[in-house]
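Next come two complexes built around chain A: one with chain B, the other with chain C.
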Partner chain A sequence: MSRSDNAFNQYLDLVRDNAAVMAKGRPALLEAVNKAGASRLAEAIEAYKPASDEIPECRLDRLFAPDYGVNIARVPMTADVAASFRCGVPQLNSLLAVVANDIFRPTDVLMRNMPEGLTVCSLRQVPAEFEADAAALLADGADKNSIAGAISDALAHDGIYVRVAPRTEIEKAVQIVNIFNSPVPMLTPRRLLVHACEGSKVKILLCDHTQTPAVQHLNLQNVYIRVDAGAEVEFYDIEESSAATHRLFSFRAVQHSDSRLTVNTDFLSGGVTRNEFDISVPGDGAYTSLSGLAIVSDEQICSDSVVLRHLGSHCTSRQIFKNALFDKGRGAFGGRIVVDEAARFTDAAQTNRNILESPSARMEASPQLEIYCDEVKCSHGATTGQLDERALFYMQARGIPRDEAKRMLTQAFMVDVIDNISFEVLRQRLHILVEKRLSGASADCSTCATACHSQAPEE
Partner chain B sequence: MEDLLKVENLRAGIDGKEILRGINLTVRPGEVHAIMGPNGSGKSTLSGVLAGDPRFTVLGGSATLAGVDLLGLSPEDRSHEGLFLSFQYPVEIPGVTMVNFMRAAINAKRKYLGLEPMSAADFLKTMRQKRAVVELDNKLASRSVNEGFSGGEKKRNEIFQMAMLEPRVAILDETDSGLDIDALRIVAGGVNKLKTDQNATIVITHYQRLLDYIKPDFVHILYKGRIVHTGGPELALELEEKGYDWIKQEVDNEQI
Partner chain C sequence: MNENQHKPEDDSRIIERATSGEYKYGFTSDIDTDIIPAGLNEDVVRRISELKGEPQWLLDFRLEAFRYWLTLEPPTWAHLDIPPIDFQAISYYAAPKKKEGPKSLDEVDPQLLDTFNRLGIPLEEQKALSGMAVDAVLDSVSVRTTHRERLAELGIVFCSFSEAVLEYPDLVRKYLGKVVNYRDNFYAALNSAVFSDGSFVYIPKGVRCPMELSTYFRINSAGTGQFERTLIVADDEAYVSYLEGCTAPMRDENQLHAAIVEIIVEERAEVKYSTVQNWYAGDAEGRGGVYNFVTKRGLCRGDYSKLSWTQVETGSAITWKYPSCILAGEGSVGEFYSVAVTNNRQQADTGTKMIHIGSNTTSTIVSKGISAGHSQNSYRGLVKVAPKAEGVRNYTQCDSLLLSGTCGAHTFPVIDVANSSAVVEHEATTSKISEDQIFYCNQRGIPTEEAIALIVNGYAKEVMNKLPMEFAVEAQKLLAITLEGSVG
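This part shows the complex of A and B:
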């Protein structure tokens, strides 16, 4: 590939040409990440080949091709969105943090109510006692095999570090709201590092919002979670963004013995979304739950891929992903479960079910099992079909209009993914949100389930 | 008296095969009609075609409900106009609760009639009253539609829905199949309680048994897609005694 038509070189040039700007006020922690990222990027560009089975729009060279601006000079958002953002629903009562484009803004709510044993801070301001921990998470969590991981590391200038001290249970959810607000096309590198120390418990909710829906945006989000022995982490991710938003979401986690990790990802609207989950379970006796739903309409695209590596023994994992595709919506699900030689008595199950609600909708599913150990129980299944015509006629015969019957059946199809959510307030909210989405209500902040709403900044 | 349901020379088929070959049937308010006939005679096709089951194709003829052309309406609008079909095999709908299902049905009808949606309190009160008609357990209301219901519960649930929707014409398609004698008594009792001089019921059945509980005014015999005999309640008893062979012979001889 020649240099001029290569989508990735612009980022390499950018970091090379702006070394001095990026160095300004940068902590050693991020300097190391930037340097490692830049050196991997040069090699990765040479080696890049798109996978043959990808949805073309989800190919990395396509996602990175537009001429996005990158905020390496760390210019804050024009309006002080972080200050005017607040959670409008008291029941959720979360510990709210905002990422304004790519810059972390702790809210007063968070700072005033930070529980004992919880640290939530910018990667630019990690307390000295946790610097080594944050550096280790950054290194372990680096996505070393992907060109996106290299770009993300090369451009990283901020991020969130969350640490839950050993045997500490954080009752309120830590809610991180990503807000995009820019007059010009922009790539926002976003990073979240979570360390749940031994025996701790925490819930994290990540929401994507866009305040300038017509502006092209690449949301380059990296999440890395380390779940120590006996710890429990629930992670929820809700995307409600615009058709001009492209999202490249890399979620990586490592689970130690007797830990529990619950991950739920919900695509309610967006443009092109590529979600990648990579979870390694070296510990014994751990439990992993992964679930997701996607309502894909218009010309939206949502692609989920999961790699779950069972390395320790006596572990259980459950996966359920459901997609409803309307109009010209396209979806993909790639699910791979790897059971290592040492992973005796693994009990792993994966389900992917999809409904095509229009003749022009498309879905590709490829579940895979790689088993290197005999004493395991593994199952996987993928189905793609249409709504049950007998059920539709039965409902119509009772007077329910066909469109409403379809909506009810689609919602019913999703119900087990939603009911799987143990975070009750979110579960109830998601039921309402999915119903609204299916009845064609526009997906914006005012209808968002998480009900954080921005207010116009006061003059 | 004005005709409630009028079916004239109705012809319909499935997958290119003609099953109904010219049905004529007139039902007036306050009447109970029984349609009997051997397997494959077209009984369920007739109920499906009247309700708008998309599996069937109408080939000719007409069907009107209180003067409104049924065949041109969607299944939901036929329901709103007052037609009710109790399914031979009620469909299970996992994930949709009976309460939500019924509320959607009631409010869709009210919208069609230009009425405001029913208030939550009124709706729950109506549910409670109508459940009593067929002694339907309250627990079933919070469960998914027909999911995990026994055969008897499914049929009682059909009559409960009929009670909720208050149709002008109800077609009960083999409502007695799969019912034990107690369930049959409850279901038939429910149907009788819902009978007024304004509405009408069409009972489709194989056996005379149900007609001991739901007394028909007219009995029609359907054979090879046509109503070949119409009589009073005594015709059902005659069938019970002699079977269908004499009817088949009579018709088949005529055709020769």
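This part shows the complex of A and C:
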């Protein structure tokens, strides 16, 4: 048996051998997902062939190869989550939920302050009235083309369901903090389903943390967002974990007419991160903004891939991704804009800028356009280079040490991604975080955007 | 209402008319040819080699390539819809009937001369007026080579590949397959096994070739694949400008063309390679047309060497072509200028690879795609900077122009940078001709039809300007035929 077969088959065996354990207390909703996932997994293993241009460390057969534990028996995390993670960006009155390893734990703050029209619950406890909706989101949001998606579905035993009722505006951000804390290597399937009904507005902030940085961890995060007509969703994702934490992040979204979706992803630290965004815009007149920054150092790898499909007319999309690569850091950006025949008057732009700050850093960029309609305005640009020597000299001539000057320029380089964030408190916090990260502050929870260890939220 | 005023409903009609130009060079010449029956096996490879009287080492090279080819599958990664090709249904060799070599133009088959006359490139005229040396390739064997004597005085070798094998075996053996190995890809392996003829150019040290070298390829026999092999070597401080132009007569069945072009550029030498490709693209419904699967690559081996590719691609049903530069020498320069026009059901997946291995190497890529009808036009490119290549500079610009609502324009660039001192830029835009531009022209009394022609010409000008003067005229003509029909 080849290595790749082993890497994936262990999960298939796990599901087969522990059917009874998994079935315990499992709602019908998840049972369907598990079954569909397991059958897709068997097929996907047969068909698996790594892409020739993939970074070797990002290959799925390598990422899945370690003998990870999976918490199918739903053993709760021992730490007192609620106590140690009174999370909230300072001055931000957020609606906080915690995912401890792979188990959803609503906090008191959330339960007590749940605004009218908002539902945030575990996929194991979806209210009967929304069960059909959750099932539809689960089915639509399944990552059917990837072996990681099949594993995630086959092992799913929890997840978060967020629903915003029609014409409801949720003022506070829904904040979801993923915490990893385990003495043994673990794979954690995590799932977030969001349904923003017609004319609603919601902000969601997702952050990743590791409390046991030395322990190997594979974070299998699946996000699906459905943005109905006229709805507005802002989604922010901050990754600040450890070198032993690898992440497979699958983000999928569907946007209907006149909706707005803002997605921002920030990689501050981690091991091997593979972010895949797949956004379909069947509605007319929708607006999509995608942005991301990555500060990649040591032997970290951050690979972003974006597929944006314009299917409706009069849509606008803007993408900006920036990477700063230090040491032996590696970055990859694959961006594809597809403009369908019906997507007339599409205005799509994509920018990717990269700075290599060390001789052994490496960047691969592949911005692609696929256009089947003539009434469009599309552009993409990619650059890879280094900091401007003249600017460095100018600063040094004025007494700023070279390292400091470099840090300032790199920070300035990142500014337009951060300024893209309309969520003001988070924007301010990110400016500080990027500065700290560039000056070499260690990436523990105390520096998290959500200031996990800070004082209790004002309630 | 002024009749010149732009009316939206006219657009589709005008573009349709402007893009429906019939293929003007669609005729077949009846020249007797020797054809090996269709099919491909080791015996066919041996027979080709035998017919050409090749030495053993070349036969071995062919057989090795053939055996490797048997293990391969045709590539499927391109954004192309290629119908399955039956490689056993193709005849792999067609040579004009053997005669004693013509001593003068009078001895050349008059019909052959007529063919060239109808193409608008009579040998006589070219020889007399343009000062170009033309090695005309009709089907697979070189028929006539001109200006040989004058070039020979300078020590320049410009002859058909088969002649070179016999007359300069050491040179050919030294360079053959050094840039495009037979293991490179499916079509390179096929070509290495069955290549029929092509051109060989050697410019000795310090020589500047006094004229533009030119070869016309023309697929003439139905069902005959043409497997050209071109090898150009520019020794230290040499310079040559090489022109390749193609037209093919109208045929109903698909014809396969899998050529290899290898270029080696030594220290401080410069090679300029220009192509105008106008093979039969099939009819409006996509029946027939040439499949053009070509591997073109140059190695800038010497320091401060320069290789420049310019191509105007207007023909072929399917184009799969990526003229590339391996920039190994310090300070070497690679350039790629391309205009690719697709109409009706044509498909093109073309672009370039710039592999920066040496320090301070620079490359420029300018690609202009124009799509009309139901065609699909893709740019695919790679810019790779090796870890030890310091101070690399690349600039890429690829623009696409869409002339109909049913065509596709795609861009697939890959940028792989492994050295922090590199500066690599890529820009791409896709749009249709803007209403404003047409309105502006209309206002000034230019009818919409002419306005479109004007804008398309202006759009492609940046690349057209890179073509040698002699070629630019023909290139414009071909662009007009493919795209502008009666506009001219």
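We adopt the following convention: the second predicted complex is superposed on the first by the 442 of 459 C-alpha atoms of A that agree within 3 Å, B and C clash if a C-alpha of one lies under 4 Å from a C-alpha of the other, contacts with A are read in each partner's own complex, and residues count from 1 in each chain.
Criterion: contacts are C-beta pairs under 8 Å (C-beta built on N, C-alpha and C of every residue); 3 or more make two chains touch, one makes a residue touch a chain.
In this text the structure is predicted, and so the values were computed from the model without any measurement.
Overlaying the two complexes via chain A leaves chain B and chain C side by side, clear of any clash. With chain A as the corner point and C-alpha centres for all three chains, the angle toward chain B and chain C works out to 70 degrees, nearest 10.
Contacts of A:N18 after superposition: neither chain B nor chain C is touched. Judged by the number of chain A residues each one touches, C leads among chain B and chain C.
Of the two partner chains, chain C is the only one that A:S358 touches; chain B does not reach it. Contacts of A:S366 after superposition on the shared chain: chain C is touched, whereas chain B is not.
By the touch criterion defined above, A:E341 lies against chain C but remains apart from chain B after alignment on the C-alpha atoms of chain A. Of the two partner chains placed around the shared chain by superposition, neither chain B nor chain C is touched by A:Q125. In the superposed model, A:A391 makes contact with chain B only, not with chain C.
For the pair chain B and chain C, the least inter-chain C-alpha distance in the overlaid model is 14 Å.
No residue of chain A lies at the contact with chain B in one complex and also at the contact with chain C in the other. Across the complex, chain A is touched by residues 79, 387, 400, 402-432 of chain C.
Put simply, chain B touches chain A in their complex at residues 51-54, 74-76, 78-80, 85, 87, 90-96, 100-101, 104-106, 108-109, 112, 144, 161, 165. For chain A in complex with chain C, the residues that touch the partner chain are 53, 341, 344, 354, 356-386. Within the complex formed with chain B, the residues of chain A that make contact are 388-391, 393-402, 404, 408-409, 411-413, 415-416.
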